[in-house]
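Chain IDs A, B, C and D follow the sequence of writing; residue 1 opens each chain.
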Amino acid sequence: MCNMAAEHPGGSKIILKFAGKDATKEYDPIHASDIITTHLPKEKHLGPVDTASVEQVIEDQTPDEHRRTLLYAARPPLSDIMNLYDFEVLSRELLPPKTWAYYSSGSDDEIALRENHSAFQRVWFRPRVLRNVNKVDFSHTIMGCKSSMPFYISAMALGKLGHPDGELCLTRAAGKHNVIQMISTFASFTFDEIVDAAAPGQKLFSQLYVNQDRELTRRYVQNAEKRGIKALFITVDAPQLGRREKDMRMKNAADSGNDAGAKVQKGQKVDKGQGHTRAISSFIDPSLNWDDIKWFQGITKMPIILKGIATWEDAVLAVEAGVQGVVLSNHGGRQLDMARSGLEILVEVIGELKKRGLWPNPNFQLFVDGGVRRASDILKALALGASAVGIGKGFLYSYCAYGQEGVEHALKILSDEMEMNMRMLGITRLDELVPEMVDARALTMHTVPSPEHVLYNNTCAFPCYH
Amino acid sequence: MCNMAAEHPGGSKIILKFAGKDATKEYDPIHASDIITTHLPKEKHLGPVDTASVEQVIEDQTPDEHRRTLLYAARPPLSDIMNLYDFEVLSRELLPPKTWAYYSSGSDDEIALRENHSAFQRVWFRPRVLRNVNKVDFSHTIMGCKSSMPFYISAMALGKLGHPDGELCLTRAAGKHNVIQMISTFASFTFDEIVDAAAPGQKLFSQLYVNQDRELTRRYVQNAEKRGIKALFITVDAPQLGRREKDMRMKNAADSGNDAGAKVQKGQKVDKGQGHTRAISSFIDPSLNWDDIKWFQGITKMPIILKGIATWEDAVLAVEAGVQGVVLSNHGGRQLDMARSGLEILVEVIGELKKRGLWPNPNFQLFVDGGVRRASDILKALALGASAVGIGKGFLYSYCAYGQEGVEHALKILSDEMEMNMRMLGITRLDELVPEMVDARALTMHTVPSPEHVLYNNTCAFPCYH
Amino acid sequence: MCNMAAEHPGGSKIILKFAGKDATKEYDPIHASDIITTHLPKEKHLGPVDTASVEQVIEDQTPDEHRRTLLYAARPPLSDIMNLYDFEVLSRELLPPKTWAYYSSGSDDEIALRENHSAFQRVWFRPRVLRNVNKVDFSHTIMGCKSSMPFYISAMALGKLGHPDGELCLTRAAGKHNVIQMISTFASFTFDEIVDAAAPGQKLFSQLYVNQDRELTRRYVQNAEKRGIKALFITVDAPQLGRREKDMRMKNAADSGNDAGAKVQKGQKVDKGQGHTRAISSFIDPSLNWDDIKWFQGITKMPIILKGIATWEDAVLAVEAGVQGVVLSNHGGRQLDMARSGLEILVEVIGELKKRGLWPNPNFQLFVDGGVRRASDILKALALGASAVGIGKGFLYSYCAYGQEGVEHALKILSDEMEMNMRMLGITRLDELVPEMVDARALTMHTVPSPEHVLYNNTCAFPCYH
Amino acid sequence: MCNMAAEHPGGSKIILKFAGKDATKEYDPIHASDIITTHLPKEKHLGPVDTASVEQVIEDQTPDEHRRTLLYAARPPLSDIMNLYDFEVLSRELLPPKTWAYYSSGSDDEIALRENHSAFQRVWFRPRVLRNVNKVDFSHTIMGCKSSMPFYISAMALGKLGHPDGELCLTRAAGKHNVIQMISTFASFTFDEIVDAAAPGQKLFSQLYVNQDRELTRRYVQNAEKRGIKALFITVDAPQLGRREKDMRMKNAADSGNDAGAKVQKGQKVDKGQGHTRAISSFIDPSLNWDDIKWFQGITKMPIILKGIATWEDAVLAVEAGVQGVVLSNHGGRQLDMARSGLEILVEVIGELKKRGLWPNPNFQLFVDGGVRRASDILKALALGASAVGIGKGFLYSYCAYGQEGVEHALKILSDEMEMNMRMLGITRLDELVPEMVDARALTMHTVPSPEHVLYNNTCAFPCYH
């Protein structure tokens, strides 16, 4: 166990709370099993705990936990799940509030979070007809890897909060259905545990938060390469993790509950505004910059993708830096609120790269993530020039509700939707998808309705018979 | 009483219902007292009724009428009425449902009705500062008549439905406060009764629905001129009165009540879709056209204004026809649904008249009506080029709730608002009001939000902690 | 009866459920009486059933069915129905949930479904005044056939689900009022039954889903021609029927009810995601393409209209293919979600055809369907260049609620609205309708409001006194 | 005590109500203690009151006051306050309704009030990545004064209504955290009391409503300069205080309560439409104009800023008048309703100043206020060219709920947000903030949704299974 209360990224309070007790249940989902060896210097390792010597934390179900247990048992059969939204609705009911808050929260006012989906709603289809679409093929190649569909599973942290098998649900389903998973630096399972769960020949990507201790990062990257990872996605939009107030409030609520009856001394300030986000963020290096990219190119031969580019200016810099691609993204609306959606950035970036003769570019790929829930979303992004899209929460919630089977069902739904949508668009292969198949003119329109005229609407709203 | 069941504009049913009875209470608000002499040929006049010979219709208050009587008695003091909307909210509660339905209804889906106000919400102010606005003067001249404020009271039909003194509340208040009233062809009081109620020297306009029998119209117009009317507003946007379904439904509801228990023979079709609108519309001539304008110019020297012009093309024709002005309007949203608001037409018309060298034009005035409720609305229209605006419902509801005193209070509110708004705009006289004081670029934008993404919003609406 | 459980388009389950029983009640509304002879090869015909030998399915009304029976008996008199929306509101209450789900559902998120009407709300009128509109004539010629109004009744499948007389309600009302009906390939009555129900000289169109077995299609088309059909509308936007989740969910709900108490073996996957849509879609040929058009031109002299064109590019191909017209449409929002509305496509297509000298074109007609509910919608489409519009659901719901009389009343409403709207637009014949009478500049604006700022609105929403 | 009932700016009624009684509790929050000496001529000063001779107004808590007392005691710990909105939500609950009405109300329909925030929602970020943002510095210089953050605390009137320490909460917190406070002419504490509460060396600005008696204004200004005020902000957008109906209604409600049981004689008009706003507004001079600016430049050496410029035309006049800057503002939406937001004006002003070679301009600063609640709002304004922003209500509500500690916590929140947002924007100093970091193209779009199509939405709103 960790004895570094003062330096603990999740704050000292949680350390003190469980001091001398077995904290495994709280500890496990947010710490991969190798975190002590990979993130802490050797001298802090105390060795195995004598479990007989620790006080047990008694586990009783609260009424709310009991309710969720019953709900889980009463989940509808998977065949009733029609689309990826269904998983999300279910998960909101099934997950503990703290977990739901961590998974679903965006930063600040969550406008960027919701904008991600709104962007897709501003792009309309121009489908072609009378083409033989009997046989439809939507298999794809992503960074040189075959994929049964034109997307990858995005990295998401702390998978065990939602299901005991956490990220392994994704790994196993992805392997079975030939889809690529991107492993998060902050997964609940260790990097190696996840790779070990992969099927022979299964393709994986690795997402990287760059540690302030570059040596730890070097070891992590080189281990990834050794284990056969096909591409390294370096997160560049998180010099610090965003202000996810829903997550922060949940932490507070939990603490307040725990503090019930405790006397708070006047003037004693306890900073409780933390949540899971803070717990995982303190290792990230805010000094990461373009110069570091060369260093990465020196320590690995894996293709490097910069995850979190938000302007054409940085996309041009990325091309010049010689990386193999970028993910256009606002980090799922969890970093800078009111940063634009990946889809909107995509159109800007391609326009500007073209002007500079940098697009199309066989050595440089553009990916988009954020808000993807249906095959139609995927097809819009590809029509506008994306090489592939990343899908995160759609799969996260599928395993929260149904484990690996849920992920497989989600893949089946997307596959059905892909076939249907491609037929109705009039294409049989993804290379037939062209920009003319969408009308994206509304994409940059950020419409905010003028304030409502309440008095007028009160009198004249239809139908007001009386 | 009328014995022409078959030709009665309100349908034969109502005639038969009251056959042999005293129908005065139902008849009075929707028939001016001279309707028999002015609208029926002589041979149909039967002479006075022997009231002893008719069956009385017993009058008991229904519970709903009783409730409204109590509400009326409990109206707040006038000093609590802050703006014209307050009158409207009160009237909705105080008026019988049929009356509210008739007064408040627009045509079809009532989109034009509500658009009238929405148009003003799309125009923003650019106020000037640091001008001496100690003394503010908003008196005005409309068609050569002095007015204390830059608007006139628009013509509205069937005033007695809302108050026993009906249109006379307007006449008396207008006379006292030096404002011009326009008399409706379909007023509950006769034209002469209203003129008789005017103060000495009080200025009045006359609105005209052109009758299929031009001789009746000639007599009406020449009587108006003889009585000193200052301008004749010929309604040109009502070849037929619009489909006001709220009004029609109320009539149905009333009838259904009356028919309760009656057996309806299979196949017997009773057309109940009528309402007050149908009752007053059958005399209007749908063949009225530009050639008729010459005829009017031959029978009267009064200035002629065409009320209900909706395009620049017709405004140009109006100039060429030599009339003295037009009212740009969609008839309060009561005629063609989804016709544009007067304010939007105004900007188009001035632009096109200018291109043709027809504007500014000392012999041709542009008026606007529809949706005006505050001094700020008036100032927007004048800044964009209107000579004056017409206000109807704002005053209608003020007397429904408080009689003449209500109208006077409404005028006081508008006067206060005019002073305050002109000061804050940085002007002391209306001729200092210039187009640069408004930003009307959004005026022609008819924004309809895309259909809501219900599934997404269900899952991701903020704040959904659980 | 059919014994081909494995190949049954509705799935094998339904076959097994009724095995050995009389399935007439379930079978009848979704299978025209000639389906066995027209869709199945001869060797599968088993001959007539001995009804004495089959087990009867006892029919008891559920409480919900009982409630609907009472509601049906208490429908308001037809004279209270003011517009086509009223039929829809009633039908939602009166129809069994499965039927409502099938009729009302769109594909995926139903955005295209609702967009169809939204498009009309983005087009505003510019009405002309002072024209003699005493006599208004809105009779029209559609594909050489006289019609009392400028629309046809669109093809809709499975009419008996909503009324025992199904499509025949439409045929009889259309014949009586001189309106053209388009017969669906998937009507509940056979093609010949519907034609037999037509009045002498009544004009009919035929809609065609092209079968994978072209011989069946050839027989269907040539029979149509023989029976006097005036135009063949080949559906080209349905290589596969869309994902109508409302319909699919209803099917699931029904099945779950039936399965109550049944043990589901672990791992046993029953694909219940079907609904009525799947039941009728499996014959459609996804390989249909432009080459097939020539084949159709070889087997019939009927004019050919391609139903479901969604881009100007395909409209040009249609002209080049020598067909007589196209229906611009997104299939009522039931195929590719977020495909644009027919009205929006219309403006694009006419613009591009004009550029290429292909418009106006006496040999090529443009039709529009989707979202039409009022005469004002019809007039907007015609002003923008459509030859006529198709109306489906407006009539469907009129007979669901009132049978043939409902359809006649719907026609009467549209007729009243046509007369009134044409008068108020200032036209007496449809050829006076010009593009200048509408402002369609907002038509291509797909406005999606930015995500709501919930925190701000919570604090500052007006009026928040406390 | 004041004996000038007839001339009392708050009306005579309040004077008469407390005649002969001790009105301190009502008087105190809305009259600074020097108001008699600074606003009244000497001959009206009656000297100290013999408190034994006055009737006491008994103070009992109403149930509503009691409820608020309990709520106040149960406020959450400050650490639970996540953002400035939280203070506002709390204050709405904690403040007496009259105070909330005065603080929160805008003018007329409160559209400008809410537009202020809406403007920020129309500006999106274009963040840069891969820059070393380890150390972030957001200290700033405003009118030559060092500030820990790029904003000042705006002037707000009547601070004691919300907290016994009123404006002093702001002064003390500002001093402690090195932020500049602007003192309102209408503060509850006297100018000198506030300056006396400041820490040694603490920087303060002064806001000025210009009195009709310029001698009083001269004394006020010269005293300010003597006390070390660093800049004089002359309010130029308030020739008269706006029509804040929420405030007016509350005054009415209070009066009505007091009048309960009193008989109102018919015809007796009591003008109750007043509220706090009227109480403080009557000294303001509506004749203030550009010529007066020279006079101010003659009586003080303090930099002069014109507060309330709303057009580029007036901004140019301000440059020409030789003042040191302007505040672009609509006065928090409390003056002319539907005047544009400061943020929108900013973009216009900078564009036009540039065209005239007047920008950038070391001698002329542009400030913006209205609707600022988060660091992201501040950064948007600065990116678009503002020198600093003013924040008012965000701090007002922080002390209403928590006194000085609340203000300090608000400053801490903004500081955290500044650091986080700057890192995520990719900047370490405010001079790295450039216009390219925001997309403000939507800023001038004043979108008003078309009226809702109620009938259609009633039938077709998704999901309507039944």
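By definition in this document, a contact is a pair of C-beta atoms (placed from the backbone, for glycine too) under 8 Å apart; a residue touches a chain by one contact, two chains touch by 3 or more.
Here the structure is a predicted model, which means the values were calculated and not measured.
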Chain pair, A-B or A-C, that carries the greater number of C-beta contacts: A-C
Chain whose average C-alpha position is farthest from chain D's own: C
Copies chain A and chain D touch via same or different residues, half shared test: different
Angle (degrees, nearest 5) of the CA superposition of chain B onto chain D: 90
Geometric centre distance via CA averages, chain C-chain A, whole Å: 41
Chain A-chain B separation of Cα centroids, rounded to whole Å: 58
Residues of chain A touching at least two other chains: 83, 109-111, 113-114, 121-122, 249, 445-451, 453-456, 462-463
Residue numbers on chain D that touch chain B, as the complex places them: 108-109, 111, 236-237, 239-240, 242-243, 245, 248-249, 252, 256, 264, 269-273, 285-290, 292-293, 306, 308-311, 313-314, 317, 335-340, 444-451, 453-456, 462-463
Residues of chain C that touch chain D when the two form their complex: 83, 85, 88-89, 92, 97, 100-101, 104, 106, 109-110, 113-114, 117, 121-122, 246, 249-250, 373, 447, 449-450, 453, 455-456, 458-460, 462-466
Of chain C, residues touching chain B in the complex: 77-80, 82-83, 109-111, 113-115, 118, 121-134, 374, 376, 416-417, 419-421, 423-425, 436, 439, 441-442, 445-449, 451-452, 454
